[in-house]
Amino acid sequence: MLTNSGGQVAIRVGVLGANGKVGKAICDAVNAADDLELVATVDQGDPIEQFVESDAEVVVDFTHPDVVMDNLKFLVANGIHAVVGTTGFDDDRLDEVRSWLADSPKTGVLIAPNFAIGAVLTMRFAEQAARFFDSVEVIELHHPNKADAPSGTAYRTAALIADARAAAGVGKSPDATTTELEGSRGADVAGVRVHSIRLAGLVAHQEVLFGTQGETLTIRHDSIDRSSFAPGVLLGVRQIASRPGLTVGLDPLLDL
Amino acid sequence: MLTNSGGQVAIRVGVLGANGKVGKAICDAVNAADDLELVATVDQGDPIEQFVESDAEVVVDFTHPDVVMDNLKFLVANGIHAVVGTTGFDDDRLDEVRSWLADSPKTGVLIAPNFAIGAVLTMRFAEQAARFFDSVEVIELHHPNKADAPSGTAYRTAALIADARAAAGVGKSPDATTTELEGSRGADVAGVRVHSIRLAGLVAHQEVLFGTQGETLTIRHDSIDRSSFAPGVLLGVRQIASRPGLTVGLDPLLDL
Amino acid sequence: MLTNSGGQVAIRVGVLGANGKVGKAICDAVNAADDLELVATVDQGDPIEQFVESDAEVVVDFTHPDVVMDNLKFLVANGIHAVVGTTGFDDDRLDEVRSWLADSPKTGVLIAPNFAIGAVLTMRFAEQAARFFDSVEVIELHHPNKADAPSGTAYRTAALIADARAAAGVGKSPDATTTELEGSRGADVAGVRVHSIRLAGLVAHQEVLFGTQGETLTIRHDSIDRSSFAPGVLLGVRQIASRPGLTVGLDPLLDL
Amino acid sequence: MLTNSGGQVAIRVGVLGANGKVGKAICDAVNAADDLELVATVDQGDPIEQFVESDAEVVVDFTHPDVVMDNLKFLVANGIHAVVGTTGFDDDRLDEVRSWLADSPKTGVLIAPNFAIGAVLTMRFAEQAARFFDSVEVIELHHPNKADAPSGTAYRTAALIADARAAAGVGKSPDATTTELEGSRGADVAGVRVHSIRLAGLVAHQEVLFGTQGETLTIRHDSIDRSSFAPGVLLGVRQIASRPGLTVGLDPLLDL
């Protein structure tokens, strides 16, 4: 049993998809953390039972939509908490996870589409600021190999802003454009204009611009390294044991 | 009695310091608002009793530290709510205002050092984000006629961030600097580095930079016009009647 | 005869359209300059002959496309140099001005669509940088009352960049987008993507983003005040006497 | 003999310090380029004669101040062109290289402190813009492990700007600061204020801010990956054969 410098017992962590780029980075981050102990790593072909044998308390899953449901079913059935960054969760899948958790009421599962704390805070602050400004637009900037425009994060940010403005009775952003070269004013996501930049030398960036009489507020998130999800994953690992049931998104853990 | 297009009775507003730059902008903003009616304007030499005679419900005071206490004493004694942007309030002055309000329990007074909503949100978001990042620095940028560096807003922002980090047990921002040309690393405000830019063509701007592994979050406020205080003042005018007693700062009205 | 503090004879300046917003700002700027003397101001209804009677050496024209040609014909015929910010010059008009100047070989006329030095430098630097980067996109940001998108400056900037890349044999910016919400990737100006933001609290801003492996270069111009044309106009006033013939654009005067 | 898809004979390239981080990246870049052929790689302990045996035309040296002079002496003596990113060249060392080149008049050596094209262009544009603006300040932002502040690039940029302003007779940036918290106004480099930010999540960034009446111009360079030197190194490799003698800095190759 590992105890850290403060005499505290370390949380026993397992990693699924441990050989992938992301998985390796998570193993590194767990190993570097004083209060966490990496007890088992599993990738394609390895028996998932290792997590039971090694007494893992929390397992991190960054695998694939095709296998993540089987993984989660196993973990929940064995009372192992899960922190999941794998994509592809729709309402049906979330409901299925909830049904498994109903039979294992002490187990916690966190499923988050984005573990970069900066991205989560950007969305949250954008939502809070939305009703105080006449105008809002979103710019997202990514490397040129990205296939979709706008990014999922930008789409979700715009939708959250639109909802917050609607709830507060704020009308559309003013716009006197009468002559437009097609596409120059961006895409319309629930009334919020979203612009997608694709540029060599960039990684993943997003800017939310708010404006009212004489002032603007800009919230910008720059992610220049895939490792930026690590602090968010560790936050989840540390908190999930005290949050039984299903938690969707990192927000609830931030206690804002 | 003025009613607006929705049939709602307009709030009766007076303005103190009505001939000053700021006062004029506030008169314009009140006149432009459907739900507010400008019923009296007072400047140096005018009798303050006009506010009573004109049945003003709320008076906005952007005057001078030398006269604001007399103004407030009169307004509170007459049960007129006040929204105050005049500077120079220390704890003694605030206590005195509180003592007057004790005798007029239905009257509300809002005293705020900064009515630019973007500036207030910047401080609030900075405070909320502070504990999630290893590093933080503040850059403020102003026109070259400014006499003090850093700006009061930057100083207060840094202090709020420092408090939030201390409360969460976050240590100092990492900094390996061993060779420094004097001044390059900025001023130290409670452990937070603050940098002051002075540049022709700027007005008043502030940027808070947070960073952790692989990602940064930037919150930037740009104020390019003195009129940027107007939306915050109107927010105060609309809400102060429902907030008896003393309110310091715009934050409580933002319901974040 | 006015001489400045250095004993130098001041240039005698006239202003056409002197009562307009821009005209007034130019009069102020001329009055504030030690080496310039404002000798005549003319607006609608005033006799243009005043410039001859007052011995004006240079006349600044910020008037209207309907009257600017008559103004210029008169000025050139009288050997008075002209600095022109009035819009609406096409090739035919420029040729006509050239034909007048052929008969008055010592007279200089400067016609520029943009006198903001920052805007001119942005275009010039963008043109110079264009061939060194794989990717380039343009973002222009304006107040929400602007009728056209993209701005004329952004359009011209993109076209200059496209020409410079074509001349250097640089191909299109890489872009792997396969799924696009309509408009998100901006407008296509000669192969360069241009994005138009419209936001309350802004005035006139432009950002050119270049990117290649591991690095980006951003050139940003912020204009927050109509007075930003003044330094460029004065530069023209000071130099036009030594540049007989027609000069189009501020660039040649910058000696880059 | 390698010919590329266009039938052109590839340039034969060698790499010194080939096993270092930078050296490996250069080998990758050379291998990826159609018009270059990697013919020899040398690191500590390997015989430098390999470059002669393999008929290398150009050798790239990213090694160490302790060995670079011996490397260069050998290369020049054998008529092999060199592209050098190793640091530590003072005037004495440059003179010594020049003396070797005097005996080998067809050989070219390029020694550059910075191969990131964006950094070089930033300095160049800053120098060009310097005389047109009343105000200028420099902000450099780096990861928190950097030992010196300000960065060498920021120092050099400020010095170039100061020289350009002095040559044009432009005075100091206006600054009305009378009350300053120590350090807030940054370091003074030849009259130009320089501010150094140190932040987790950053790599190497620099911003030059120019301002005059109503407008600002910002030139920003972001380098997020050590590979950003590669395009500049390849540019040097392709051009050095046609530039006999010593070339210092990448600028002359950019033909601005």
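Brief remarks follow.
To keep things simple, chains are lettered A, B, C and D as they appear, and every chain counts its residues starting from 1.
By our rule, a residue touches a chain if its C-beta (ideal position, glycine included) is under 8 Å from a C-beta of that chain, and two chains touch if they have at least 3 such contacts.
Here the structure is a predicted model, which is why all the values come from computation and not from measurement.
The chains touching chain A as well as chain B are C, D.
Interface comparison, B-C versus A-C: the pair with the greater number of contacting C-beta pairs is A-C. Greatest centre-to-centre distance from chain C is found for A, with centres as Cα means.
Our note on geometry: chain A versus chain C, Cα centroid distance of 47 Å, whole angstroms.
Averaged C-alpha coordinates give centres for chain C and chain D that are 34 Å from one another.
Chain B and chain C have centres, each the mean of its CA atoms, that are 39 Å apart.
For chain C, residues that reach two or more other chains under the stated contact definition are 133, 201, 210, 212-216, 222, 224, 228.
Against chain D, the residues of chain B that register as touching in their complex are 133-137, 139, 141, 144-150, 155, 173-189, 193-202, 209-216. By the touch rule above, chain A contacts chain B in their complex via residues 116-119, 121-122, 125, 128-129, 132-133, 210, 212-228, 230-231, 254, 256.
Across the complex, chain B is touched by residues 201, 203, 222, 224, 228 of chain C.
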